[in-house]
Amino acid sequence: MIAYLFIFLGLVFIFFGTLGIIRFPDIYTRLQTSSKCDAAGAIALLVGLIVREGLDSLSLKILIILVFLLLTNPVASHAIARSAAIRGIKPWRKKKKC
Amino acid sequence: MSIHIPILIIILPLLAAFLVLLTRKYKIVLAAVSIITSIVFTLTLSSRVLSNDKITYHLGGWRGPLGVSLVIDGLGFFFSLIALGLGLLVIIYSIPEKRYSRTYYFLLLVSLSSMIGVIYTADIFNMYVFYELLSLAVYLLIAYPKTGVTLRASFSYLIMGGVGLSFFLLGVGFLYAMTGTLDIFHIAERLPAAFNSSMQMVIMSFVLIATGMGIKIAVFPLHGWLPDAHSMAPSPVSALLSGVTVKIGIYCLIRVVYTAFSAEMFFLINSHNILMVLGVVSLLFGASMALAQKDLKRLLAYSTINQLGVVLIGLGIGTEMGLTGALFHVLNHAIMKSTLFFCAGIMITETGTREVKGLSGFGRQQPAITFAFIVASLGMIGIPPVNGFASKWLICLAAVEAGYTILVVIILVASAISAAYYFRVIQVLFSNPPEQNHIPAHEEGQVIHKGNLFRVLPIYILAAGCLLLGIVPALGISLAKPAVSLLLSYVVP
Amino acid sequence: MYKKSVRLVLTFFVLMSFWLVLSQNLQPASLLIGALFSLLAALLSFDFFIKPDEGMHSKAIRTIWLLLIYVFILIYEMFLASIDVVYRVITMDINPEVVMIKTDIKSDLGIVLLANSITLTPGTITIDIEGDHLYVHWLYARTTHFGHAAELIKGRFEYWLGRIFI
Amino acid sequence: MNSTLPLLTVIMPLFLSLTVVSFVRGRFNQAQKLRLILVIIFIVAIAMACLLGLMLFEILKGNTIYGVFLPQVALVGLRLYVDGLSIIIAIVSFLLWLAVSIYSISCIKTDLIRYYSLLLIILGSVQGVVFAKDLINFYVFLEMTAVATYFLIIHKRNIDAFQAGYKYILMTLIGAFLILLSIILVYVDTGSYEAIMVTKYGGFIAPVLFLLGCFIKAGAVPLHIWLPDAHPAAPSPVSAFLSGMMIKIGAYGIIRFILPMLNFDLPATNLGELLNVLIMSIGVASMLIGVLLALAQIDVKRLLAYHSISQMGYILLGIGLGTKLGLAGGLYHMVNHAMFKGLLFLCMGAVTYSTGTRKLDNLGGLWKKMPITTSTCIIAALAISGIPPFNGFASKTVLFEAVVNYSFVLKFVMMVTAALTLTSFLKLISYTFFGEPKRPLITVKEVPLLMQLPMIVLAILCVLLGINAQFVLDRFIVFAITGLVQPRSIPKIEFWTQDTALDAFFIITLGFVAYIAASKLGLIGREKKEFEMGSFMAKLSKYLSMDRIYCNIAILIDKLCKKLDSVHPRDLNVHISWVLLTLITLFVILFLQ
Amino acid sequence: MNPVNISLLVFMIGLYGVMSKNNLIKKIMGLTIMNGSIVLFFISIGYRKGGLAPILEKGTTGGIPTTIFVDPLPQALMLTAIVIGISVTALALALIVKIYSKYKTLDIQQLSKER
Amino acid sequence: MTAVTIIITVLGITASLALYRVIFGPTPWDRLIAVNLISSKVVMIMVAAAVLFERRIYLDVALVYAIIGFVSIIAISKFLEGEDTDRK
Amino acid sequence: MFKEMKKVFFIIIILAMAILFILSADIEYGNPKNLDAANYYIEQGLYDTGAINLVASIYLGYRAYDTLIETIVLFVAVAGVVFCLRGKR
Amino acid sequence: MGSSKIIRTIAQKLFPFIMLFGFYLISNGHLSPGGGFQGGVVLGTAIILLALSHGIEQTEKIFKSRWLNMLEKLGILTLIFLGFLGIFFGYSFLGNFLPLGRPGQITSGGLMLPFNIAIGIKVAAGVSAIFYALIKYRGEI
């Protein structure tokens, strides 16, 4: 049950992360959602799957994948952001009221 | 050891290819020796093959539809002899050129052995793989000088060839879906049943395979890559391309059409007429395009399309005489066209130009080469003492016997046109050189090897072959006979 | 700091354990092949897998313990951040800014982990690193002040990472 | 009788030519080469004389000789067969060849090896053509002669030679392909390559195609355009051989392969009627048009070339009559024509050799400087016009006899043609050898001995053949056509009668009258050099020569190909779309079935 | 509408790319799409309803009904075909790089104008 | 079975939503972000399938996919930096 | 000019798609025939080659020859790339 | 040269694991959905990652391109040699002359393990050689 709860949470995160990608105005803000929600969603989902499976050889491998995702996701976001910044993409700014 | 000969014929040049990459000094020796070994191995099989025996070799010991097996029959033997023999001559011809590094010989050996692989394999997917290997090697060989035009020609060949082989692979997929096997002979057994149940798929696979191989053969509407590739490539490569590589496409077409789609199906879907129409169209097209060319090698390239039309007509007629003529013409065209390209290579290096007009005075400089050129081009036109006549004669006879007199008229008209363009070249060869004493240009650092034995020897051999086969055509016909009897046994059940 | 051999052996054992997790097979042949390949991979990569000057503050066990605590804090923060982002996705209430912050951590690995943590947590991603300065994109900038922003962004991470790495 | 003799006659020259090519090249200087070539010509002369003599001896006994070589290996093997007709033409060709090659020794200075090896090849292949037993051998040797002749024509390597050679080879190859098509049709219809099989063919396509091929070879009128270019462009000895022998091959082909279809005193068949009329009308057309065009020429060799066309007309007319007498006359005229036309070309070659020009305008008054050339040339000119003591008279008399039985108008046409021939030769001789010598011709000398010798020999032959006409006709010509039409009952011809003398007198008178009239009226175009544009004769010669039609066809084809080349896309995308279109088309075709 | 049809359609889309795009790299992309569609085609002709990937895992080795696995042969073939596709693509890209450095353009129309 | 269906369907839907960015993304980086997202979705689908179908072979596939996706993202972002970055 | 060409290409490709779609409409999916070889592989592959990955058993066992050639294809491609890009730019 | 510190450090730490995973795929090809080609590609990916993050010169210190080329040829020669060994031991070309082990073991495939290793090394070298060639032609990373 708790496994499915985790999985559900993960799916929700992932869904909103994707939604954010579509709704947000520029690259950096989109990266915000993609990095955070994706990572959080992946953690939740995979932990849910680990819990469902129980601790055995399969879940060890899932753990490896999880760690890999956690390590690479921010790096990939960083790489994208950096290349965009180097090419001179200016961040979107909210128009000040006054 | 003797049962392993079929695989050794394929593998030894391949092994030598990699060894060539490891040595620096002995590259030519290795290449030549490995090809000679393959030829010798092939010849040891000749007595068995020519008595209509079929030599089978199961790779890894997995027989039948499970694994890949090699089958050497008359047809394969015929084509493999052409490929190996010409390959040896191409290697000899390229010896004096110092530009050709290890990579060149590597690619040459790989392409030759993959040709043999295509020819000997009985597995249609394996055929595809080998064909892809052959194509890659050939793309690279065309691009070997790395000048702009060669790269462009190679690229357009790559695109067209890629499309063609994709078609072929899709056709193989349909065949597999219908029969559940990849062995050509098993496909032939099972296809009639499949034909009754799902005719559409059979036709689809036939059309796909025929179109794919048509691109490789360069019949008329599918020829887009040929003029550039054949004319821009270095001369020995052009000879290889025009002499052998195109013939491998013909081999595949024959194998698939006659062996896999055997007998009734072949007649039912009326593919004879398709082959014939394609042949006629490319015959006339090649001839008239060649007449308009100013560039020597481009002229020869279009002439290839012309001659392939003759071969396709012979195949389309499909009687015994027609098939004999077609196969014999394959042999003859291989010999003659390589002679012409070899000669053209020497002419271009000597005179420093590719234009036909610029060749004036060559006949006086090198009469022997000119003689070989004349002999080969007479064969191309179909003038008797040279070999092209005999095969055209057979094809014409077969056409009339089958009731297609108009085909003969077309072939003769095309021959007349080809006479027009070949004699245009010949008269330029004999004309006096222009007044100014021009120094032969060194094209991209090419070194002129006037009368180098290695350059001239293959030309002499090939020209002698032209004359020999023309005077004694029975030699070639007896070589083609087992193949024809094999094909006929499929055509006429 | 560490000798070559130590680093090699350490790398080898890490890789060997990874191999065991992957192959889940205790037959001698598999172990042998795994050991061979691990050795090969270790030989090729030990030089930068563990840098010579890459040291820890304290004992290994304590480090692992701290690391675990850090990970749990990270995950907690991440969930908070994600919920925050989900909220902002729905409302579109954003005010992005780029700010520069300075960190006190010297070790490369520490800085990198800090940057990654920043990327994974509240509304911030690291755009670039120069020396010990981090350029951070902030989804909902509450301030653009140098020190204040640093406090808000680095949060607890720098403390924990500072305890783990030099 | 089975024998290797014909085989040797065919193979030996070919083999010797190979020897010449492979051993002499680049190893000797000019003089050594010449010596070697002399030796080889000597060998060939002796050997061929022996071989031909032996065969002639055998055949005169009433036998025929056949020889088979490589029966299994080649396509059908080399199968040779010698009868009276073949041996006569072979001997004539050998004699002419000998004269020509001796003449060439002094005449030809460049590319000796190529020249002589090609001459040897031509000798061998001409023998092969006349000895061929079946169609395929005939075709093979025909093509060999065509190609070898092409290389002789372009021997001078100037632009005229190349253009003429190009025209020649294309026309000849088209003719050969027509013959090839006919042979294929015949083979498929009857299943055999035997010579007689053309006549056994059911329909009329194959014989007509064969006939057309032979016409092209023979230079008959609508298909003659290669001839007036090729003969002047070739070196003089070559054009002597061309005109004397090569164009006879066409006539030989007709005699050998088509003859049994013609109506030889048999009940007429439709096809035979048709072919008769075809050959005869072509013969008459060639006769008249050839001679008319010859009148208008100012280039000596071109003039002779048009006369060749005209004389071929006589021969074709004789064959086409479909009577034994006509055939005998045609054959006889073939032999004679070889003699006097060869002689004429050799003479003109000598003139050209000495003076370096071929234009009538630049010549004149040579008779003092070159007496032998002048005298032989006059003999030949008289012979070709059919003036009594010479051989042309004899054969023309036979032809007149044959024609009279058919229609008197034809005989009159023939006589007019002969008169016009005389006219044009009067023009040629008077302007070349008589009159005022032009200034650059002061230093002209007589040609070397080796060039005089063949001319003298041929002139003597002309005279001998004319004087002994009765003997030659009865002993050889009638004998030659024995195998073909059983001419035991050939009508007796009286050569020296009042009628023939009257004919000759008529010809001479008409010729002189025409010459005088024409030169007064300016119709033969020497004084005004070329005819002016738009004048009557210029138009006539333009339309009659028919060069235009062929040129237009060639230009049309060339333009079409160029257009195709420019239309043909170089874009890769289009080619790929063609691939797809092919795929679609194939699908549609196969599924609509 | 099943994977077989779809793969054929994708094949044609790839062919359209090869045919109509002027950029050389896009042409190569078209070839890659064709290759991918062929892979899809082969895999789908080898598929049988409810079949599993043909890897026998622990406990499934003995006496299993053959119908639970899909046909492994097309998959093995496709491994080969994929590698070949990669090879062709790599070669084509190298050629393109070289062509670009010679002509400074990737447009096939401009390339065909250059001599 | 239902769990499988739900998880895979939701992940698939999100992946195809991200496809919107791939197609209409104004800049290459937007597309890159979306591709990154899709690749991580695919990894998750594979893991879920592995657990729920009890076939461990998918895990290896997922790991390979994750590795290649990561490296390709790095490579493409590096490519998008352009050539002149090094001279900075 | 080229815009029109593109339209033509589009029409051609739509035509080809339509034809292929019509022709392949009745191809059965998920129910292949002639599975004797496939079933042999599934039943006997493990005993013949000892690989529990049946694809590998075909790839490296039954059809190892294909694999060998495929590797050579890759090698040729690599050699080609290295060859093409070698030397000065 | 190179990339930002984050990418570099992470690449350093991930590199041995990716490499080992590649070796795992290679050597367990007949037991899992791996194989020589897939493992080789992963190995090549590892090298590419290193080259992307550290620049080509740093990478060439570890993986020299001459060695890679040699390894590539060596891989294919090994394959052909193994094929010939099949002939030598009395089977056909490419015949499996090693004994088959118990199913599920790493040695169960007989000749498959050496095949896989040869292919894997060849592919890894090939992929990285392509990458090297393309990168070097373009210039520096």
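Each chain carries a letter (A, B, C, D, E, F, G and H) given by its place in the written order, and its residues are counted from 1.
Methods note: contacts are C-beta pairs under 8 Å (C-beta built on N, C-alpha and C of every residue); 3 or more make two chains touch, one makes a residue touch a chain.
Keep in mind it's a predicted model, so treat the numbers as computed, not measured.
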*When every step has to jump to a touching chain, what is the lowest number of steps that links subunit A to subunit D?*
3
*With one step meaning two chains touch, work out the least steps from subunit A to subunit E.*
2
*What is the set of chains touching both subunit B and subunit E?*
D, G, H
_From subunit D, the most remote chain by mean C-alpha position_ = C
_By Cα centroids, which chain is closest to the centre of the whole protein?_
B
*Once you count every C-beta pair in contact for both, which comes out on top, E-G or B-G?*
E-G
_Just the number, please: Cα centre separation of subunit F and subunit H in whole Å._
24
*Taking each chain's centre as the mean of its CA atoms, how far is subunit C from subunit G in angstrom?*
42
*Per-residue overlap in subunit D, given as positions that touch at least 2 other chains*: 572-574, 576-577, 580-581, 583, 587, 591
*What are the residue numbers in subunit A that touch two or more other chains?*
17, 19, 31, 41, 57, 61, 64, 68, 71-75, 77-79, 82
*Counting only residues that touch at least 2 other chains, which ones in subunit G make the list?*
5, 9, 12-13, 16, 20, 23-24, 27, 32, 35, 37-38, 41, 46, 52-53, 55-57, 59, 61, 63-67, 70-74, 76-78, 80-81, 84-85, 89
*If you go through all the chains, which pairs of them touch?*
A-C, A-F, A-H, B-D, B-E, B-G, B-H, C-H, D-E, D-G, E-F, E-G, E-H, F-H, G-H
*subunit B contact footprint on subunit E (complex, rising order)*: 11, 15, 18, 24, 27, 31, 34-35, 38, 41-42, 45, 73-74, 77, 80-81, 84, 87-88, 91-92, 95-96, 98-99, 102-103, 111, 114
*asked:* Give the list of subunit H residues in touch with subunit B in this complex.
replied: 73, 76-77, 80, 83-84, 86-87, 91-96
*For subunit E, which residues count as touching subunit D in their complex?*
15, 18-20, 22, 108-109, 112
*So in the complex, which bits of subunit A are touching subunit H?*
68, 71-72, 74-75, 78-79, 82
*asked:* Taking the touch rule as given, give the residues of subunit B at its contact with subunit D in the complex, in rising order.
replied: 156, 159-160, 163-164, 167, 200, 203-204, 206-208, 210-211, 214-215, 221-225, 269-270, 274, 285, 288-289, 291-293, 367, 378, 381, 383-385, 389-390, 393, 396-397, 400-401, 405, 408-409, 412, 415-417, 419-420, 423-424, 427, 430-432, 471-475
